[in-house]
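Below are the structure tokens for one structure; questions will follow.
Letters are used for the chains, namely A, B, C and D, taken in the order the chains are written, and counting of residues starts over at 1 for each.
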Amino acid sequence: MATPLPDSSQKYDLGFARWVYENVKGGDQLSMCMQCGACSGSCPIGTDMDHGPRKLIMMIRAGMKDTVLRSNTLWNCTSCYRCTVRCPRGIPVTSIVQGLAAKAVSLGYADEVVTSRFARSFWWSVTHFGRTDERLVTAKFYFSFGLAEGIKRGLGNLKIALDLILKGRMHLGLPHKVSDTGGLQAILEKAAEIEARDQLGEDKS
Amino acid sequence: MSDYITRTGVYLCQGCGIGDAVSVDALEQIASTELKVPICRRHDFLCSNEGRALIDADLVGGDVNQPIVAACSPRAMTDRFTFDGATAVRANLREQVAWSQPAGEEDTQMLADDNLRMAIAQATETLPASAEPEGEYSRTLLVLGAGTTGLTAALEAARTGYEVLLVEQQDHVGGWANKWSKTMPHLPPYRDPQANSTDELIAATEAEPAITILTGALVTKTEGGPGKFTVTIELGDESRTEHVGAIVVATGWRPYDAGKLSHLGYGQSTDVVTGVELEEMLGEGPLQRKSDDKPAKTVVFVQCAGSLDPDHLPYCSSVCCGVSIKQALQIIRADPGANVYILFQELRTPGTAEEFYRQAQEAGIVFIKGKVRSVSADLGLVYDDMLLGEEVSLQNPDLVVLATGMVPNSTNPHIDPAETGADQLVSDVNPNAPLPLAIRVIDNNDDKSKSEPGENTEAVNGGAAAEPVLPGGALLNLQYVQGPHIPILTDGFSDSHYLCFPYETRRTGIYTCGPVRRPMNMAEAAEDAAGAALKAIQAIEGAARGAAMHPRVGDLSFPKFGLDICTKCRRCTIECPFGAIEEDERQFPILIESRCRRCGTCMGACPVRTISFDNYSPHMVSEMIAAIEVPDEFSEKPRILIFACENDAYPALDMAGLNRYQYSAFVRIIPVRCLGSINLLWISTALEKGFDGIMLMGCKSGDDYQCHYIKGSGLAKERLSKVGETLKSLMLEEERVTLEEVSIADSGRIPEVINGFVETIEAIGFNPFKGF
Amino acid sequence: MSLSKRRGRLNQGPASQTILVVGGGIAGITAAVEAAETGYAVILLEKSPALGGRVASLNRYFPKLCHPSCGLEINYQRIRNNPSIKVITMARVESLNGQVGDYQVSVKTRPRFVNEKCTACGDCAKASKVKVSNPFNHGMDSVSAAYLPHEHAYPQRYVIAPEVIGSPDAEKIRDACGYGAVDLEETETVFDLKVGAVIWATGWKPYDATRITPYSYDASPDIINNLEMERLAAHDGPTGGKILRPSNGKPAKRVALIQCAGSRDTNHLPYCSRICCLASMKHAVYVREQYPDAAIDIYYIDIRAHDKLEAFYQRVSADPQINFVKSKPGHIELEDDGTPVICGEDTLSREIYARPYDLVVLALGMEPTALSDTTSVQMGNRDDYGFIVPLPGDEPGMSAAGVSGGPLDVSMSVQSATAAALRAIQAIRTVSPGASTG
Amino acid sequence: MNSKDARKKYVYYPGCSSQGSSKHLDESLRAIIPELGLEMEELDDWNCCGASVGNIGGGPLPTTALTGRNLAKAETQHATDVITGCAACYLNTHGANERIKADVALQNKVNESLAVADLSYEASLQVRHACEVIVNEVGIDKIKERVTQPLDGLKVAGYVGCQTVRPFANTESGGNYDTFDDPEFLDQFAEACGAEAVDFNVKTSCCGGSISVISPEKTLHLIKEILQAAEDAGADVISTPCPLCQTNVEMYQAEINKKFGTDFNLPVVFYSQLMAKAFGLDGRKDAGLHRNTVRSEKLDILVQNA
């Protein structure tokens, strides 16, 4: 039986830790953390992080759900995997951080976060074409900030775009797509459905 | 021995640069012409088979029974210069002459000449050491305490072929371990709590025919020495005497008095328990709390409860982290739904116990680095979370477990404090021991003095407070001048002072092991018990041969007392670091030979020089000093006498030579067993003889002393402080006699130490007594 | 044990009561003398040219800061005075067969090229013009190709580096010896021993620092390991005891000591090596004694100062110039001039730091030597890490002394060695009852 | 994996960037792989791997299902090994594949999803990075043998980046082909091609990955350090195996120069482009060297065919 997501919690109420254990990829490893700091110390943009992975794990144990799911640490991960390979306890730190990010999105903690906007644009491309069309994803991402901001950002990178077009490295015209888009979409819908089914406990909460 | 005639023979080596550095002809002159040594031979390579054959021939022929090898240091080529039935006296012409002095110079030659003269004098005054052990020697071990450590020690000794008398104060054996539901893992894969094997250990011990177990028994008196201990044991109202050869003390530990931890909630709620109390609550089923038998769903372990705390126990009890992990694992395995927290300051699971820590984390036990501030009666727990950097309150867990530390049973808390000789408190009982020391209760009938320690006791800092006594009586009640206790050292444990020699003891033939000597877990205690058993066995065998224990292992010489001129000053009895000297009814010193470690501290202490060994004596060294030629002041050649500890300073001098470091040729070096054996007679002899300066080179003294005989270098320092006065009265400068701490690693410092002193002396000027 | 007694009594073969001790470090030496002083014949094998093992190369011991050579000197005296100990250096166990009371051991010795006639006079060293890397100082300096392992070497006998054999320098060395002690023809020899019990005291070696790639050990001379630090501080070390930066010979005043370099790390050594925390505090003291203005940072996960060692920790942490940082550094970067910069997170302050140092010392963990050496040889049960841990009911003829059985400090190694000596004695007693010492 | 059977057929998974910003990686790989004696066949109707934000945008299981679909298709092509040149594709596809292999429950969920398109994955495949295959199956010596136009005098800074080696390079499933922090294969590739691998101490530093795409302001300093180190080492070009690294380090040079007042102009190429040239193949058609936006004399010479 899955642990429900505790709404707000007393310090060191393990409900949240259990929830992460069961619902976040690699979360079942966080009990192994001995708080050595090798992960946070290895992070290329650790200085941009409010808490860093080590303290994030500490706060998960401490049941600090909101602080964790609102932490900018989730959005500053460059996926360099240094923390993961250096962890003396073999904890998949990167996947825990990214897993938490995914949860933060699905639980509505991150609607305004840029990464989450980008992720949505990206997923739109994947579900429509089965592939990523860099041009469309970027455009959609930019315009997710609204028309004006979108144009501004677009112009900001105009030179880069032109370079790519010039070198034939930006695909123009109809996006590349998988032939069987229907089948792919069906697969993704089914997968999403299964995921939701497995996390009923979460929805109940 | 009296009719023994010493027949000396000198054997000069010309190798290793000796022949180039000095005139061996001249040396031969000194031996045969000047000092009339009947036999004197030389060889280019004395340690070769041919060289050795020279010596053997004379020994076999009987012309020589005391060879004098004038070659390398006594520390070198020992295998080549060891002979059956004769011990060579060595004149060090290599390390301390040829290798540390310029070749072919007059001063170098004079140094070599004197080294040879001293060796000849030493040989003339040397009798072969021989022990004459008398009477019955017991081969039985007494093991005091029948917990894991004592049972193991008894079993190990029995399995090595020795009879064992196992004495336990309680009415049953097994000690604390009887209570343990499970034990920490010490076998691979080191992950899970292990079944408690104490029952098997007890069964094996009881099945061992060589072991006699006495429960409900108390040792009330211990006399004698290794091979000849006489122990009085009280069994209820019956009292019996036993003869044993050696003693293993395995009295273990007791938990720190949680009554003093009320700030952690102890005594305020029955649901605040100590780790020891928890053991009895742990079973197969889920854990229930004491107050209402409800299941304990949330359990908090508080590590270092009263440990690492100057107000309680300053030290770390080593085992608590592992024990709490074991208990936490048992709780969570019995009830996977339980929330178990361990609040620690430093998590200490050394070695392979790290596996156990990981196992606990895998099981979901939550480790929090935090220092607990308080636990309230309703179990509200407040602590400083060192990693969150904030104060956190854990609302009302169901059970709080205090991991209290180990207090050593280096005294017996169940009996009255014994009269502790002031001498012992100073020397062999650390007044800072946080046992804690108690203030002696004036009225001895006051039953307070019988009550558990901790209640009427308080820590005494620096022992400065009035009449400190230990909480409880002496374990063996030793009938030694040095007092009834086995030495109680750092943190109140009866550990060895030495890192390299953990079984070194100040009470020969008595060895402590297990938690009474250092906080340790059951596996470590069992290992320790085996080691102590072997040392006890060695003491038994050594005593029967009349041979010394560590560090002069096998030495057959022992001090002899000329009682005819003894003034009963008691210095030898009091200053013996090992309590080897007793007093007879007339207060004359009597040596308990098998306790003696042959350091000569008594010899150094004796104001009338009536204590001497057959091969080491005040007279012998005086003769060596007398043999040295001291030139008059017009020669511009000062003479410095150096007494060097043979264990550390002398090797350092040798190594200086090995490195070819050069130093003044004006020094004459005499190796001594220990600075403690230096008799002030030698200093006055030397000064009268016209020596300009005297240096004692030996080990560090003080709290971190390096002396292999505990007090030797310290006593030397103390005795020297009194010499100052004497010097003044003789109108001599105090600086002429000094003590320099030189460690074995000081080869590099040797030149500056020696030359520096020579300069000082040259600055002061020559000894006015020269030539008188 | 009772089972082993039965096995012993059944043993009809010609029994040997000799005890073989493999490894001449502090544990092996102790096991050998303790057994010999109880009256048993002992053969002590050491693979290097001199006894003393790891501790002989340590500057000082914690917590007393005394010199290991002090205790070794006493032990060497015990060996010198005890005819029943036979010491064989430069020897390894090649194979071992049989059972308690009756082991056939094949031993291989490397050539020393110097025989028992050597007087340690040193003429050979003077004659040799070739310098070889000095193993005693971990290659931080060099010695003459004919050398005495170190000033306190026992046995006190020279060695000739195999590199020069066959070169003209070797001839020079031979001709310089006035005692016919140099034997250039000496070769590897293999011989058999028959012993009743074996004590493995094979000790440890430091974990290979180059395998901890984020710490850039081989990228900078100023990143050294804990054993090199001991030599750097030793009076007979490469710098005569001055703690200097290997890169430029300048005083190393800003020093970092990194704990758990390899230990407590499932990527490397999963266990805790026990001694590193205290050894590093000792290193901090070395530096402070030499430079009053030194600043030392000790990076750690947990400080493992058990029992009375806590007092040493308290003493060292009271020094305002020795700073304890609860942090496992992520990696070490090098500035353009090669200065090591340690990067990580201070877990108590949350500070992300990047701090430059004159000298960085990696507290490398202990790896059992038995893991790589003589692996083919039957040594009794070993755990996953290669430590020798006999299980209940195992063949009683084999025991482990010191770190070959797990990470221990010096005192514990000596205790373990004393216990191992007793176990060996019990084992051989059982093969010929009546030969008891009792 | 250890079998040196060079005739083994590899199913090639190009990944989305092969049709956009990293066309030149795709072109050069297709050119050199047969030269190295490996047989390669494109994965039929492949889809996106989920990239670095798939989890966030679509959730973990749908993202894993993407890989499920690719691998299910690959199985129908009767191969044992899938090969890809893209770091992100490798990370996601290899990672998902290993998780599926290790976790039957997960495999069932993936197959339950695939079933709606009549697909299923039997977890029979190895997913491998092109560099790992070149190191373990081909070997450096084989590269040397193929070189006909050694890149004499070209100074190359081997910039490995992150995901090509982390977290799999030093694992059993990843073929243990190099270390996480100090990999050597890229320098060996360059040396094998006759170029000079300069001493480059940031070879596994991070370029900011997708953060550089989303919020470059946070990561430009990381890219600057990489460029600086390469310039200090006197490199003519930076060589990398990773599409995102190539784009980030190349594209942002102008902006970095603006922001930090530097004047970097360092071509960033794929190791495979250099190999193609060294193998004497066409500088444009095979090596795609005309597609690099940051140009230099050395690079332009390289594009020319001898």
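What we mean here is this: contacts are C-beta pairs under 8 Å (C-beta built on N, C-alpha and C of every residue); 3 or more make two chains touch, one makes a residue touch a chain.
Remember, it's a predicted structure, so these values are computed and weren't measured experimentally.
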- How short can a path of touching chains from chain A to chain D be, counted in steps? 1
- Write down the chain pair with more C-beta contact pairs when A-B is set against A-C. A-C
- Innermost chain by mean C-alpha position: C
- Task: State the chain with the largest centre-to-centre distance from chain A, centres being mean CA positions.
- Result: B
- Message: Averaging over Cα atoms per chain, report the distance between chain A and chain B in Å.
- Response: 64
- Chain centres from averaged Cα atoms put chain A and chain C apart, in whole Å, by 50
- Give, as an integer number of Å, the spacing between the C-alpha centres of chain C and chain B. 24
- Item | Chain centre separation (chain B, chain D; CA means) in Å | 66
- Message: Give the residues of chain D touching no fewer than two other chains, as numbers and ranges.
- Response: 180
- chain A: positions in contact with at least two other chains: 34-35, 55, 82, 85-86, 89
- Task: Spell out, as numbers or ranges, the residues of chain C touching 2 or more other chains.
- Result: 214, 264, 302, 331, 347, 350
- Pairs of chains in contact here are A-B, A-C, A-D, B-C, C-D
- Item | chain A residues within the chain B interface of the complex | 10-12, 14, 17, 31-35, 55, 58-59, 61-62, 89
- Flag every residue of chain B that touches chain A in the complex, lowest number first. 339, 341, 347, 357-358, 361-362, 364-369, 385, 387-388, 392-395
- Task: Provide the residue numbers of chain C that touch chain B in the complex, in ascending order.
- Result: 1, 26, 33-34, 37-39, 59, 61, 64-75, 77-78, 80-82, 117, 119-121, 148, 151-152, 156, 178-179, 234-236, 240-241, 264, 270-274, 302-311, 314, 347-350, 381, 383-385, 387, 389, 391-392, 406-408, 410-412, 414-416, 418-419, 421-423, 425-426, 429, 436-438
- Where on chain C is chain A touching in the complex? 214, 260, 264-268, 301-302, 326-331, 343-347, 350, 352
- Query: Any idea which chain B residues touch chain C in the complex?
  - Reply: 15-17, 45, 47-48, 72, 76-79, 139, 156, 159-163, 187-190, 308, 314-318, 346-355, 358, 386-387, 389, 490-491, 493, 495-496, 498-503, 518-520, 524, 527-528, 530-531, 533-535, 537-538, 541-542, 550-551, 553-554, 647-648, 651, 655, 658-659, 700, 704, 706, 708, 743-748
